[in-house]
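There are two complexes below, and they share chain A, which is joined by chain B in the first and by chain C in the second.
Up next, the complex of A and B:
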């Protein structure tokens, strides 16, 4: 019994210091204005200001687009990986980029996309001339999707791998074509993985700010950018915290939407 | 010939260097209950997968209803399978599972409902339609799997070790039910199992598979009473197998002692194997017995005693007797000429059948 208590110490400390304390602090901060007076003004500002509303919609829209692009790329990837011999090895290659620091990867793309970068060199070489690639929505989406793909592939891959192969045989045996087997058996059984992937991609995408700045050139302003500005530039911690609270609420909403129906998941018996 | 629903002609299957089936030939008559019986790794499941269309044979032809179907994919075959692990769709309830095949075929909703209801009734699961699969017991899942297959009214139903996961009592119940169901529906069943009791109890015809070839096929009684070779005799039921010499027709010698038997058609003084089933041996007094043995062990099994004994030549004999004996006692073993079955070494099934026909006609 004593030993059990002992082993829970690291976890409890972690939760207290890095989950509960920050949440409480953010919530607390959000009720103070820039002069340190207690107020509900931050929430009033957020809810009435068109700028913040637009920013929120922007964040949700871009997060949605990033998630969609990532899903469209990741699902077929995970599906194909599952059918390869040595699938664990190929999966490892997909996961490998996550071992490298996010900022490093982002800088690498600056090198690739800049006016004198590799991509433009190639375009000039094939006679298409150089283009403004960096600081466009397209490059922002591209890099964001690149970074998020492993987090989408992994849960989908796992849920596909868990599907009992005899279910596929059973479906064919009952007359279903390859496509019918996919839509009626494989897809519904892989939904838990898809939902987990959406959670893993959509929620962090809501608060992206590094990529919006370095690749998107601050043309794409999201809530993540706003929080960074408030904390580091305008020093309006109260307003930054308020947006933080809004983001946390958004995460809970997403988790609620994608979390239901879990218990009916496709685990084999 | 026209009554054959399924036929294998010289079918072989190879995975890399691993030969799984060697030159398999058989015909399946419509409306009968067939069992493919063999130890694990014998190739029986491979035959099933070839019939279902999950695999294509390396060589040879497969015919269904007179049509060559080697290249017809599984979803276009009028064959349904009950899988060993049932393979029920976990994201659907019982009724949705059973309706799956009909929905794929685009059957009308009202007809689907009707047929699902009938199928569930056939497997005695009335009213279970809305249950989740996870809420069903092993035996119930088994029935759902059967319902899901028969609702499509296949011409051929394959059952892959379908009862292996059930406990003994339930298994015996399901054997009876399956047999009744097959008779009622008139669908050809091909049942795969490694359980010889199951095979004997349910089948019209048994095919014994070992090492990628069919060792013997026939009715349960034929196979039990007249096994072709050592493997079959050993695999089906319990048996005493001792070497002997065929002196003449209807006369076999075991260890220099002559016994009358009912087998014939062999060369004089040919070396053979003699099979006597343990339940055919009766324990009697030494002077009334044809063989004298010393009892080594005795186990009470409820219905009978399982006794092992040895004779003067140290051959071991297994005896199943309803009467008790005493360990260490010298007893006599009595048996009739019909209880002896003689097997030749390396006799093919055709030769065996021909030989049996030749002297059985004489009688």
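Up next, the complex of A and C:
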């Protein structure tokens, strides 16, 4: 017993110092205005400001779209990967891009999408003429989805791999069609992976800010942009923290929605 | 298991090796420890050859560290524990550091070369009598344009950026003060206004610019302008010079009706350990030959009158980088505004960006 306590010390310390303490600090900071006086004003400003509310809606909407696009691409990918020989190798290829620095990948996309970039060169070559690709919603979504895809594929792949093949065989033996097997057996059993993937993608997407500037040209504004501005430019840490608290709340909501479903799934098994 | 063991040993050995290398390197610099001067400056903002020259001349070892924004530099110095001997902030940050007692007053007797600085750059409102700071470089906010995509005559003034012909072709720098400066000047107000009505009016004016705004970005603008992504950009003279050296179709204009003029200045923090060396370095950089060499390397405009004479005519006759007196008269420096006013600038800017579609 004592040994057990001993072994949990590093973990407890870690949680206290790097998870609990920062959260408490953010929460604490959010109750101070720019002159260091305690106030609820930051929340009042947030809740009554058309700008912040619209920004929140924007963030949720874009995060939703990014998650949706990522899911639509990732599920079939994970499904196919699972059926390939050497599937670990193919999975590695999907994960490989995460080894490269995020900024570097974003800059690479600038090179691809610019007026003189590779994509436009190709478009001109096939006679479609050059198009404005950068600073559009489409290019922003594309890059964000590209970056998030590995984080969606991985949990789905794992949950698909865990499905006992005899369940699928049984379903087929009992006369279910390919489609029925998928909707009644494979999809419900892979749901935990899908939910984990949604959490892993939706939450970071809410506060993306580098890509909104580099690829979106600040024509897409999310809460991350506002936080960056409050901490770096206006030095209004209180307001920045308030938006941080709102984001944390949003994440709890997402965790709650996706988490509960998972338990139900567990009961059915 | 054996493999795991081998891997662990391998990683540990590598760590030890790195730790030893680190130790060895540190010892080397520590040997000259008492003779070290630490300089905290913007990236790539001094000719490295001058650093070596200074080291040879004085025997000091120069530790050169860099920052990428006044705000991040300020946060670091404010938090203490730093021992920078010389820092190079912009003028509004000098004002703030002064107010927060972070920098030490300068003893002008130890700076005999100070008289080389052009009097028009001395005794500015951000530091009367230059008690705390010595100008290092100066520059402006202006318009950069691509002569293949737009006629130069159409982009000489701020108000021309609102021309519908520039639809979706203007890039703005992602900075509240600079974008508002542009709008405030077109309506004849001060770039340091604290009048909320003037700010609101400027914002309404900016909203009309929206159809022309292609993107609001930071350093990436250099790359985009070089690659002909947009016809016009609003940016700083130093960045403009860099872009122009890559793409020869680019030109830079400082609107004659007024713009922002900024200064980067050498200051000595209170926490400096080696003030004697810092003075020597400032003096060294004020030496006309050195200042001229530095200006050639960095490409910004030098406030050093004697050094300017040493620069090629081609450079100093360039009205974009050394504007004529009539334009100079209309240039305004940013003052450090109260935090809540800065907040207003930024909130209005954020709102402008929100609806910039």
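The working rule: the second predicted complex is superposed on the first by the 250 of 269 C-alpha atoms of A that agree within 3 Å, B and C clash if a C-alpha of one lies under 4 Å from a C-alpha of the other, contacts with A are read in each partner's own complex, and residues count from 1 in each chain.
In this text, a residue touches a chain if its C-beta (ideal position, glycine included) is under 8 Å from a C-beta of that chain, and two chains touch if they have at least 3 such contacts.
Nothing here was measured: the structure is a model prediction, and the numbers come from that model.
By the document's definition of touching, of the two partners only chain B reaches A:176; chain C does not.
In the superposition on chain A, contact of A:221 is made with chain C only, not with chain B. After superposition on the shared chain, chain A has more residues touched by C, the comparison being chain B against chain C. Within the superposed three-chain model, A:110 lies in touch with chain C and out of touch with chain B [touch as defined at top]. By the touch criterion defined above, A:188 reaches chain B but does not reach chain C. Once the two complexes are overlaid on the shared chain, A:166 sits against chain B while remaining clear of chain C. In the superposed pair of complexes, A:91 makes contact with neither chain B nor chain C.
When the two complexes are overlaid on their common chain A, residue A:78 makes contact with neither chain B nor chain C. Residue ranges on chain B touching chain A, taken from their complex, read 52-54, 73-76, 79-81, 83-85, 87-91, 100-101, 104-105, 132, 134, 148, 152. Interface residues of chain C facing chain A in the complex, by the touch rule stated above, are 69, 71-72, 168, 171, 174-176, 214-218, 220, 223-224, 227-229, 339-340, 342-343, 346-347, 350-351, 353-354, 356-357. For chain A in complex with chain C, the touching residues are 34-35, 51, 54-55, 58, 110, 114-117, 132, 134-135, 213-214, 217-219, 221, 225-226, 229-230, 232-236, 239. Those residues of chain A lying in contact with chain B across their complex are 164, 166-167, 169-177, 180, 184-185, 188-189, 264-269.
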